[in-house]
Every structure is written in C-alpha cells, then in structure tokens.
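Shared between the two complexes below is chain A, which has chain B as its partner in the first and chain C in the second.
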Partner chain A sequence: MKTSTLPPIPKPPSRIKSYLTFALIVLLLWSSGVKTGADFLKLADGLPNIGRLLGEMVPPDWSYFSKITDAMWETIRMAVAGTTFGAALAIPIALLSARNVARSPFLYYPARFILNLVRTVPDLLLAAVFVAIFGIGPWAGIFALTLFSFGLIAKLTYESVEAIDPGPLEAMTAVGANKLQWIHFGVVPQVTGPFVSYFLYTFEVNVRAAAVLGLVGAGGIGLFYERTLGLLKYDKTSSIILFTLAVVLIIDFITVKVREKWL
Partner chain B sequence: MNRTRSRTWLALAVVAAVYVWAFYGLPAASFKETAGEVTGNIVSGLFHPDWDFVYLPDGEDLLRGLLDTLAIAALGTFVSAVIGVPLAFLAASNQFKRKWYSWPGKAALSFLRTFPEIVMALLFIVAVGPGAFAGVLALGLHSVGMLSKLYSESIENMETGAMEALTATGANRIQTIRFAVIPQILPEFLSYTLYRFEINVRSAAILGAIGAGGIGTPLIFALSTRNWDRVGIILLGIIVTVTIIDAISGYLRKKLV
Partner chain C sequence: MIKFNNVSKTYANGTRGLNRVNLTIAPGEFVVIVGLSGAGKSTLLRSINRLHEITEGEILVDGKSITAASGEKLRRIRRDIGMIFQNFNLVKRSSVLRNVLSGRVGYHSTMRTLLGLFPKEDVELAHQALRRVNLGEKAYVRADQLSGGQQQRVSIARALAQEAKIILADEPVASLDPLTTRQVMDDLRRINRESGITMVVNLHDVELAREYATRIIGMRVGSVVFDGPAETATDEAFAGIYGSAAESETRDTPMNARIHA
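Here is the complex of A and B:
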C-alpha cells in the first residue's frame, strides 16, 4: 500500500453552475425570440426596404430646415425649463435622502422610495400621461422632463452628499450651528460642483429626450417625425434627424467644455 | 481677483440670457379645464386598478405586454452585445499601433449613441413592419453605441501584467486570450450588459408608443380611450416590473464586480 503524505490535489471547482447559467441564458433568449417574432429572414427581406429608405433620405431637404427651426428652439426651451424645475425640486429630496444629513431612517427611506418610484416610469410614457392631463403642447413635455430630471438629479446628488468630508460638518456642529446653517456652510459648498455637473448632464439627456417627446404630442420637434414619415417625405425626415444630431452635438460640446473649465 | 469676478458676472449674465430666451419663447402655460379631474381619475386609477386586465384569456393583457417588453429588452441587449464586442476592439486605442486608428470606431459609436432609438424604431418599422421585432432591432442597434464604448474603455484599462506573465511562460496567443484577457474583462462586460438591460427594459416600454411592441401600446390606447383604471394597472405593472428587474440585475452586478 502506498500512502502519500501530500495533501490531495484540489478538485477544480464544479462547472455545473456555469453550464446551468449558460443554458438558462440560451433558454431566455430563445423564448424572447419566439415571443417577439424575431425572424432574421424577415430582416434580410427588409434590408432592401432599409436600403431604399436610406436612399430616399439623401440628399436631405435642406429647405425644410427653416420650417423646423421654431420647433427646434421649442425643444431646447423645454429641456431648459424641465431641467431647471426638476433640479429645484431635487434639492430638498436629495438632502432628505442622504443618510448623513437626514440621520433618521424614517426620513431617508421614504425619500429614497419616492425617488426609485419616479425613476421607474420612462420619460416618454410620463409625457403621454401628462398630455392626457394637460392637453397637447410643450407644457406636458416640460412636466414630464421635470419629473424625470427630478429623479435623476436627486439620486446623483444624494449619493454625492453621502460621500462628502465629515470634517466641516463636525466643525459646524461644534460651533453650535443650527440645521440650516449646518447645511448652508457644511454641505452646500462641498456639493455645488457635482450638483452643477449633474444639472448639465441631465440637460444633455433632456435635450435628446425632448427631441422625441413630440411623438406623443408633448411639444418640440418630435411632432415632425410622424408628419414627414406619414407623408413618406423621407428627405424631410433626414433633415430633422441631421438638425437634431447637430444641435445635440453642439450642446454636448458646450456642456462638456463648461464642466471641464469651471467644475 | 478682479478678473475672476468679471468672469463670474459674465457667466451669470449668460445664464440669465438663456433663461430669458427660454421662458420668453414658451407659450403661456394653459391647461385644459379638465386637468384636475383627469389627474384625480389617474390617481384613483392607480389605487383602483383594473385587475381584470392582468390576465385576459384572449390576447392583449398586462402580463403578455410586460413579457413582450422584457423579451424585446433581452433580445435587443443580446444583439447589441454581439455587435458590440468586436466593435469595442476596433474602438480601443491600445489595440492599434497608432492611437488614431481607433477614431473611426469611436466616431461610429458616438453617432449610434446620439441617434434616438425611437427614431431608429420608426425607420425599422418602415423596413420590417410594425411589431416587436422592429423594437428589438432598434434597441439592438442603438445600445451598441453605449455598450461598446463601455467595453472599449474596459479593454483600454486592462492590466497587461497577466498577459506578459503568460507570454513569459510560453503561452501562445489563444492561450493568452483565454487565460489572461477573458478572465479580466468578462465580469466587467457582463456587468455593463446587465446595466444596459436595465435601461433597455425602460426603452422597450416606450417603444409601444409608436407601434414597436411591448406594454407601451396598451398604455397609449388606454390613455386615448380614457380608461383610467387600465392606465392605473399598466403604470403599476411597469413600476413593479422595472423595480424587480433593477433589484435582480443590481444584485447580480454586485456579485460580478
């Protein structure tokens, strides 16, 4: 009999778990394919359609630009208004959600619950609901963007507030500051930079969102997509797309520069 | 001192001008006189939802709408991951001898990111007809923009130590990729893919508004027929589904990275 004093060679970790995960993912994707009627033959059949569509989109109808400039300005105005209202609403709830400011779980858990709830409903569906409430027009879109920005800015801001340096806060407590002074001199100077940065980021997101809100009647340039696609004027559709891309890129460029320079 | 002060004033003036321009140009807020009533109806719809709509034996109900939405999101994410991985290597600057070789890839990704998915869906509807498949294709193509950018960043930030160690032990190229590259980037790739899936669930819920499948279609229909209890149950369904998906995906992502 041969006895070994060496410990046995460790067994490699079981592969069963990975195989099961893999099988599960394949099953998930396969059933999704069945559910959505995914058919890549249909896509292959559709490719000539796409080609024809793209062919009709060039050259874009340059003269259409003058017709949609007003709608484009309205889109940007909606984004400015929505982001501003949302940011204003976000400040109190962000402070309430931050563990190091609100202190009590009875304050910060409900506040975070509201935030999570707001962030589940996508912006375009919010806009559809607000159109039903307030009627067709940019204000329905502004309210949708307000609610959306509120959720986004408040979440990002409260996470920054929780990450601030506790030193100034302790100093403020030590000199006997009341809660408002404590926030004003201890918290605000530390989060102004991130807050403005989140504001600008949300503004970028909102310009993109505002450009499609018109599809449900909530104002802005999105209205013109249906108008031009419905009339099969694809050269006009492509001018809308190009105009939107140009405006989005310019605004992104400006906000990135502002963030780099001042924040 | 004086210069920073004048710069502050200039910045404030620019901001003020933007606001004057923005609010002066907007039409005065005028609401339908029924606004209060409709709000009340929607809120009461949220508290007295149309439970019967959850499951209808024949056809369009809440569960099927939500499942459709999840299926569009899952398949769209898969399509974008399949396209996104090779593109990521083309857009990663450390994969080339010269840095600017990666610029075309980066530019293509940024174009895809900027192109709104709902407009893409409109174009795919023209190509393959209305329905969930158009939504899958739109989400798949649009998500490549963000997903592949994140992938390429994680390739760029990869540690080269493990690769060098394997090369030193005489491993060939394939073995290096198998044992040094994949173990390093796989968790991050999976985590980004799950994160994009969370976003895509929300996007897929939107797509129905233009006829590209999912829960958006019955919501728009219920809104236009003023069926507030049904609006209530659909909104609740979306909130619950998104919350559950976020929770599961967040848990998995925490385990991965």
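Here is the complex of A and C:
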C-alpha cells in the first residue's frame, strides 16, 4: 500500500480560541448592559410613548417646506465650505502622519496626536465654542465642520497613504526626485481616488451634522429643529426630517454618480 | 564607470549581505549578475544608486562617490542612473506618458514639475523613448491597461527619458513569460549597443545570462565568486556559483537551465 508511506494527516487546530473569543464578547455585551442599566422592560414601557410621538409626526406639515428652504440651502453651503476647507487642511497633516512619507517618528507621532485631539472633541462642542467666539450664525458652523472634516479626512487619508504600493516611491527615489517631487509623482496619483471618496463621504456626513449644529446657534436648518421641538410641533419636525432625507438622498445619488464616473 | 572599493554590508543582526566586493564596470558593458536568491545580487545592484546602504567601503559612479554624497549631490548622481524593477514600479493609475515623464523630474525645479510644466523637448523626448521600445501609440493609455511586458518596456522608456548613462535592472524579467522576456532583454541589448548605456542586470536564468551578457559576475553568500566574459562562464563555472545542489539540475537540462532557489 502506498498510503502507508505518507506522513499522517495533521490534526486540525484547536477551536478553543474561537469559543473563548465568543464567550468574551457575550460577557462584554452583558456586563455593559448591566452597568448602564439597559433594560428591555423599560423599552417595553416606553413603546406607547414612541407610538404617540410618531403619531403626532404624521401627517407632516407640508406647508412648512417653503419656510425652511432658505435654511436648508444655508446648511448645504455650510457643509460645502466646511468640507472643502477641512479637506485642504487635511492634505499636509495626512502626509506628515504617514509613516512611509514622513519617515521620522518625530514627525508622524506629533501629527497623529493632533489628529486624535481634533477627533476627540465632539462637533457639537466645537460648534458651541465657535458660536461663543464668532457669535450666532453660519460662520461658527463652518468652522466647526472644517475642524471635524479635517480630523476625519486626514485620518482616513493617512491610512490610505500608508497602504500604497511602495514600488513607484522606490522608482522616484531612483530617478533622483526631491521629496516634493517624490510625493507628487509617487504618492498623490495613488491616493487621489480614496481621497475624493473620503471627501464625498465627509460631505454627506456634514450635511446631517450641519443640521444638528443649528441647535447651538451655528446657523442652518438646526435652528428650526430646536424651534419646532421646543414648541412640540412634531408635524413640523417631521417635515424637516423628510426635507433633510430628500437632500441627503440627492447628495448620495450625486456622489455615487461622481464615483462611478471618475474613480 | 562604476567602481566598488572593498564594499561590505553587514545587517543589524550580523548577517553579511556583501563581503569585500571589488569591481570595476566600464562604460558600455552589459554585465549580468547571477547567483542564488539571497546571494546578494539585489543588494549589490541597489547599492550602486544607494537604494541600499553599505556599511564599509566606497562606491564611485563616474568618479564621484555616491557613498559620501547626500541631498542635491546624491540626487544628481541618481539622475544619471536609470532603474528597472521586477515589478515595473509604474504608477498604475497614471498615463504611460506621465510615467515616462517622471524620469525627467531630476532636471527641473520643484515648482515646474509640480505644476506639470515639462518643456516641449521633454515631452518630445518621452514620446521618442516610447517609440524606441515600440510603445509609441500607447502614450495616453493608463499604465494598468498594459500587459506585464509592455509595462516593463514603459519603465525602460522612463530610464531612456531620464537620459541615464547607466541602467540597473533588478530581475527585470522574473515576472514575465518567455516570449515577453525576449522582447524586454532585446530592448535592453539594443539600447546598450545603440546608445552605449552601461547595463547592470540581475538574472537567475543562466541561459539568458549567457546570451545577453558581455560579462558575467557570479555571487555567492555576499562575495563575488566569478567574474569574466560570458564565453568563459561554463557549466562548471555556474556549478561553482550555484553550489552542488544546482549542479545536477544544470546537467539535466543543459538547454534551458533555470535555477530555482
């Protein structure tokens, strides 16, 4: 028999690790539930309230649409400006944060620290701070969105930069390029695609965020959220939500088209 | 001219990458370096344009020490040395022409190259270089649309546009099929003969080395163990370079001896 000369079939690796991981996840979930006091009974108690609120939202106050159109435009403009400024600021810091570009830990650790710091501060708090500095109005919102987009785009971009093919970089070194030429010809063409994706994604997020920022007086549609919720006019609130939904859907449609066409 | 003066490389963990290498490569030579994987072929080649650092000795390129050079000086020396890689190292999303033009950046100011304002002569030169490797009509195609052999020829065009005096090729045909291997090697030979550009090429295929080289250098564990004209590189000589394991293999298939490490 030929088979007897073959080495024995190896035993499959033990599955204990997978079981332990699963048990750990269950334990984490359960303990966080206990610690935060999450309770399904409470959820059941609250259900009628949810139902009542939803009931008051229907039907939406359609006539309210015309009143909030200007504010909606302002929200979109805030998102456009904030995302653009943020993206522009993100480029240099993303390059400084990328290990394969900055090379020295004295550059990329401080750069990453700044990014972590910026992303730690919630955008609503940023908006509140800028309202205190610049006063009520869209400028505060634009500054808040700029910082927020800066943190998000820079983080995502530097991770993409670190994942690029090192081959062209080596080729640019061999050709005798200086650092800026090296970046321009080796790095940039490899990350423009992802960068545009992150820009569009952040823009989408910003339209929604801009809607909320108005709550603290940073301009845009958020102001109307606050007003209608405060006055318990839920039918008007629901028309704002529907309007925002429509705008987000349109933007999503456009960004998908842009991505298909150019990326 | 490339001159190695007592060049050694010791890695941080103590491994010897290069061991007291002394070599002089004259202008216009077609040198092929052979040896097993890990014998130091790639280290030797990449130390010439300092993609790899050496730890002892000195390397002179056209009389200038690249070992001592830094900054602008180093970039000037590198500008005269074209390089071809196993994986082509093109920017796949950029056009072929842009890839070839990237060979010109060492000649211009940062501002000019960042704005993409290459002079007319440069664009002309790039088109010319592409025609020399028979890819003239592919100039505006994206690099990733080309086959492997075509991409490798684009990288040859990049070295041509660079107006390099020396071309280093690190396993240029290792990821290509036999037919495209011929085309790429033929291109290198033609350029070597027509323009007198010095070629230093790493290969693991013994037959290819014999066919194209004017001079063969054999490497084994970091040392040069053979150095002579292609005609003197006999089967026995190769057996010495590759060790006894490869000896029987070369004997078995003398017509197409391919050494697998």
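One rule holds in what follows: the second predicted complex is superposed on the first by the 213 of 263 C-alpha atoms of A that agree within 3 Å, B and C clash if a C-alpha of one lies under 4 Å from a C-alpha of the other, contacts with A are read in each partner's own complex, and residues count from 1 in each chain.
Here is the rule we go by: contacts are C-beta pairs under 8 Å (C-beta built on N, C-alpha and C of every residue); 3 or more make two chains touch, one makes a residue touch a chain.
This structure is a prediction, so every number in the text was calculated from the model and none was measured.
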- Which of chain B and chain C A:189 touches, first, second, both or neither: second
- Query: Hey, is it chain B or chain C that touches more of chain A?
  - Reply: B
- Please indicate which partner A:200 is in contact with in the superposed arrangement: first for chain B, second for chain C, both, or neither. neither
- Task: Look at A:211 in the shared chain and tell me whether it touches chain B only, chain C only, both, or neither; answer first, second, both or neither.
- Result: first
- Return first, second, both or neither, reflecting whether A:245 touches chain B, chain C, both chains, or no partner chain. first
- Query: In the superposed arrangement, which partner chain does A:42 touch: chain B (first), chain C (second), both, or neither?
  - Reply: first
- First (chain B), second (chain C), both or neither touched by A:95: neither
- Message: Looking at the complex, which residues from chain B come into contact with chain A?
- Response: 11, 18-19, 21-23, 25-27, 29-32, 35, 38-39, 42, 67-68, 70-72, 74-75, 78, 111, 114-116, 118-119, 122-124, 126-129, 131-133, 135-137, 202-203, 205-206, 209-210, 213, 216, 219-220, 223-224, 226, 231, 235, 238-239, 242-243, 246
- Name, in rising order, each residue of chain C that touches chain A in their complex. 49, 51, 74-79, 81-83, 85, 87-94, 98, 102-103, 105-106, 110, 113-114, 155, 158, 162, 168
- Note on the structure: Per the touch rule, the chain A residues reaching chain B in their complex are 28-29, 31-33, 35-39, 42-43, 45-47, 49-50, 53, 73-74, 76-78, 80-81, 84, 116-117, 120-125, 128-129, 131-135, 137-139, 142, 208, 211-212, 215-216, 225, 229, 241, 244-245, 248-249, 262
- Task: Enumerate the contact residues on chain A facing chain C in the complex.
- Result: 165, 167-168, 170-178, 180-181, 184-186, 189-190, 192-193
